[in-house]
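Please read through the structure below; I'll follow up with questions.
Letters are used for the chains, namely A, B and C, taken in the order the chains are written, and counting of residues starts over at 1 for each.
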Amino acid sequence: MEINPVISLSIFAVIVVLGILLIYPKRGILAKYAKLKVSSKKNQLEDALKHIFDYEYHNLKPTLNSIAGNLEISTDKASQLVSKLKKSNLILINDQGVSLTEDGKLYALRVIRVHRLWENYLAEEIGMNELEWHDQAEMIEHSLTPEEADALSAKMGNPKFDPHGDPIPSTDGIMPVKKGVSLNEVEEGETLRILHIEDEPKSIYTKLVSVNLFPGRVIKVILKTVKKIKLSADGEEITITPLLASNINVEHVAKSEFIEEKQRDLLSLKKGEIGVVARILPVCRGQQRRRLLDFGIVPGSEISVLMKSPMNDPIAYIVKDTIVALRKDQAKQVILKNVS
Amino acid sequence: MQNKNINSDCVNCPVHNVANLVKLGVDMEGFNYVVALAGNPNTGKSTIFNNLTGLRQHTGNWPGKTVSRAEGGYEFKDNKFKIVDLPGTYSLLSTSTDEEVARNFILFGQPDVTVIVVDSTKLERNLNLVLQILEITDRAVVSLNLIDEATRKNIKINERELSKQLGIPVVPTSARSRTGMDELLNYIHQVATGEYVCKPYRIKGYSKKINKSIDELSKRIITLFPDLPNARWVAIRLLEGDQTIIDAVKSGEIGSISVSTSNSISEAV
Amino acid sequence: MKSNNNLLDKNIELVSYADSLRWELGENLHDSITETIFEDAYSIASKSVSSIDKKVRTNWEVSLDRLVTSRIFGFPIMFLLLSLVFWLTIEGANVPSQFLSSILIDDFHPMLKGLSASLGIPHFIDGLLIDGAYLSMAWVISVMLPPMAIFFPLFTLLEDFGYLPRVAFNMDKLFQKAGAHGKQALTMSMGFGCNAAGVIAARVIDSPRERLIAIITNNFSLCNGRWPTQILIASIFIGSLAPASLAGLVSAGAVVGVALLGIFLSLVTSWGLSKTVLKGEASAFSLELPPYRPPVILRTLYTSLIDRTIIVLWRAIVFAVPAGMVIWLVSNIHIYDLSLAEYFIDFTNPYALFIGLNGVIFLAYIIAIPANEIVIPTILMLTVMTTGLIGTGQGNGVMFELDSIKETGDILRAGGWTVLTGINLMLFSLIHNPCSTTIYTIYKETGSLKWTIFSTVYPIILGLVVCFLVAQIWFLV
């Protein structure tokens, strides 16, 4: 094989470039193809069902327009979808819009179950970034069979809520009624716990994530005008627009649960200081959370710094007479009170 | 249910569940009693196992190295004991494979005695597991191991008080130098034969809301499975969505666990 | 039957009832249960523990920890300790290896041959069983047993003492960046002794994703079986490039370079995997650091021999026997004038030369899959066979090695080896499929055919690509 090395190396370079084009995450050909598959007919039907269910769940009236808007398709296409759904007895059409039949509801719940289970899986078992959960789940929800979903659920200890705080329907389509109210409906001065953060549209969700609002966080409304809502949480002030607030669901909690001053996290603990654990943030979930609890990092435990690794991360702590090494990311998720 | 031939008046009869043990892969042919070794990782379980059986299981100063289950046997006072070294776990509440193996063995195998090996220098952390095990089984002995290290660190443990609190025998041991082994063997024997009747500590203090759910659920469990010795614990597992327990309840297999001797204290629900 | 069904229905009802209660209890049930248990544990412990002047850690433990995890000394100490272990292994194994080989190969092999000749056993059977199966087994035992019997106990002593978790603690940051777990540092170090043992050691990693990464990348730790190959080839082809006084240093440097390249590839592969097929953030490190404890030396020796050495050796022998037969067969079954081996070599040679290797190397790596240790003997045998050198070797299908590095070099050069072949062989020896023992162990540990195949094929492809690039650039300049 006498090939000029220049030629052979060039051929190699071309192959590498083609390979990257093929498998590049999100924008590669394979990823595009996967997206294409998502927008197939069956998936559109399922997405429409989901949308109708979602609206009904929130006491809204789904219409042809809302379907078209949600699926990003023309009204023509949407009406085709609707008539198809009607033919399969999944929805009823009436003068105000559309509504789900019992079958349609069960169908939608099955899809939602897979979606939420998968988000939970990504969050707890894979530890994927929260901004990616939804898109991934959008793809999987159409392809996982109910049996596979059950197996997945069993493996994770049958979670009841997804990482956004949404309930996960059971296999036979049971889901509790909606809890809590929209953040827009509460008054100034009230103390609240975030129950749920809607992850669609993504642009809004990204903003909410970036200002550090997550399910489980206790907040207080300190100012409310038409243009903005000012919140306080653990000594932090967060200002959001009513549009953002409409994607947050909250419940009322006792004033005593609200934490006024800024709290320190474990990462800020210095050598020689002793901290008392107040809580572990909800972002630490799944196996990681369980492991911290197992180590005795529970509210009330005393904890102190022992030593840092040569590259400063991880850090070894002493808790309940045991040396436990934690990464910085994790230490940040442990909140302290009473540092002395 | 093969093990039902055990007369419930029989005080010193074995309580282990032969049928389930076979399912778990433990052959009881030629043995009178089965003993499980449980505990946090790195507390000296394998060292104790080796001491008692004369075998040479891998030990090492590093949490997580005993990964497969080891079995062995020994004879004491004319009784043949089978002893099983379970993987070390911090808890039995999570979903990892290790914890499932340990938990299933104690729950379904119903060992005659579960020896819980604890690290005396970290008693509080280790009690987390002890209390969880005592929710599942009545018959346990605590081996207060690494007592030499505790002494070196000026930690004094009043083992009588601890035993009173937990309601089970507590034996200070130093497995590496083989101290305390005779006493441990003695207590294992006493608990196995029913000579020592354990009155295990049960976790109190759950919040009202949780307690209410546990009460309601365990009432229903008891009506379906009246012989179940640990209905409250099963209730908690159901509330936590533990698939193994859900399956065992659905299939009725959980009914194979039963109070088989009079010395077990049934739950007052 | 009906009543049975009824009962089952009731059971299912019970489960659904429990399920409905779960909505009420919310997401924090597990947290509050654990908290309650710890509260009870605290109250029990405080009643029964009294400690005046309690020391969580004794003074020397604190100082030792400071030292081995210190910013300045942490890494050097680690490096020195591990180097010491490898040095002791390589140096210490020489004498017993030679002893075993003189008994099993130099004495016993001819004895068996003589016996079979006196019994009149046909050449075919005698060759297949004695030159093939027996010799390959004898080879594997004599080259594998001594280093393992030294490496594993030494490593186990470090483990028993409590040093290994500190290594994981020190190294974690690197692995975190690669999306893997700090404990992978341990499986990696273990892999320098034996990849199969490294793969088994990955059990200490809890997260399945990270464990899989550790298993797949373990092959990039240059194992005991490959060190001698590296050292030999480096001395022949690379050492000779330098002036005689520096030859030793240069070739040692080259071997260390290859080992470091292995660590690099291992990290890069971990990173790549955790960004693609094994996607996910690095999970929590959360590791309990045990106290230091003086190791129980005798028991350690015993258990590490039983646990690790014997298991690995046994697996290697199981694969070596059939492979030995194959080696003998391909060099002795002739179609027309040429043996199967020669057909294969002739056929693949052009492609192999294109990437800076040769057909003999290809064949050797395929049929010497049971153990990296028999690659060099197989290469020598095949080279002698194909070049028709007279006066060396022991006949077709009979592996051999020479005491003299110079003579070995002469044979290889006669087989057409150049510096490029030497460099690429060193690279390919680092980056190719794991040995059959390791492949089997990967299958046992992962239980997944898919990942076993991936772990086998990925390094081959990577190795071929690396050799290709090196060769083409070599030709270019």
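List of remarks:
Everything below uses one rule, namely that a residue touches a chain if its C-beta (ideal position, glycine included) is under 8 Å from a C-beta of that chain, and two chains touch if they have at least 3 such contacts.
Please read these numbers as outputs of a predicted model, since none were measured by experiment.
Chain-to-chain contact here is organised exhaustively, every possible pair of chains being in touch.
Set side by side, the interfaces A-C and A-B show unequal numbers of C-beta pairs in contact, with more at A-C. Note on chain placement: the centre of chain A and the centre of chain B lie 39 Å apart, centres being C-alpha means. Residue positions of chain C touching 2 or more other chains, listed in rising order: 19, 22, 30, 34, 38-39, 42, 56-57, 206, 287-288, 290. Residues of chain B in contact with two or more other chains: 91, 93, 96, 121, 124-125, 128, 240-241, 246.
Looking at chain A, one finds that residues 158, 160, 287, 290-291, 293-296, 321-322 touch two or more other chains. Residues of chain B touching chain C in their complex: 41-42, 56-65, 67, 91, 93, 96, 121, 123-125, 127-128, 130-132, 149, 152-159, 161-162, 165-166, 176, 201, 203-207, 209-210, 213, 216-217, 220-221, 224, 235-236, 238-241, 246, 249-252. Against chain B, the residues of chain C that register as touching in their complex are 7-8, 10-12, 14-15, 17-19, 21-22, 24-25, 29-30, 32-34, 36-42, 44-45, 47-58, 156, 159-162, 164-165, 203-204, 206, 287-288, 290-293, 295-296, 299, 302-304, 306-307. Those residues of chain C whose C-beta lies close enough to touch chain A in the complex are 16, 19-20, 22-23, 26-27, 30-31, 34-35, 38-39, 42, 56-57, 65-66, 69-71, 74-75, 169-170, 172-174, 176, 182, 206-207, 209, 275-276, 279-290, 350-351, 353-354, 465, 468-469, 472-473, 475-476. Against chain C, in their complex, chain A makes its touches with residues 1, 3, 5-6, 8-9, 12, 23, 25, 125-129, 158, 160-161, 165, 167, 170, 174, 176, 216, 280, 287-296, 298-301, 306-314, 316, 318, 321-327, 329-330. Within the complex formed with chain B, the chain A residues making contact are 154-160, 287, 290-291, 293-296, 320-322.
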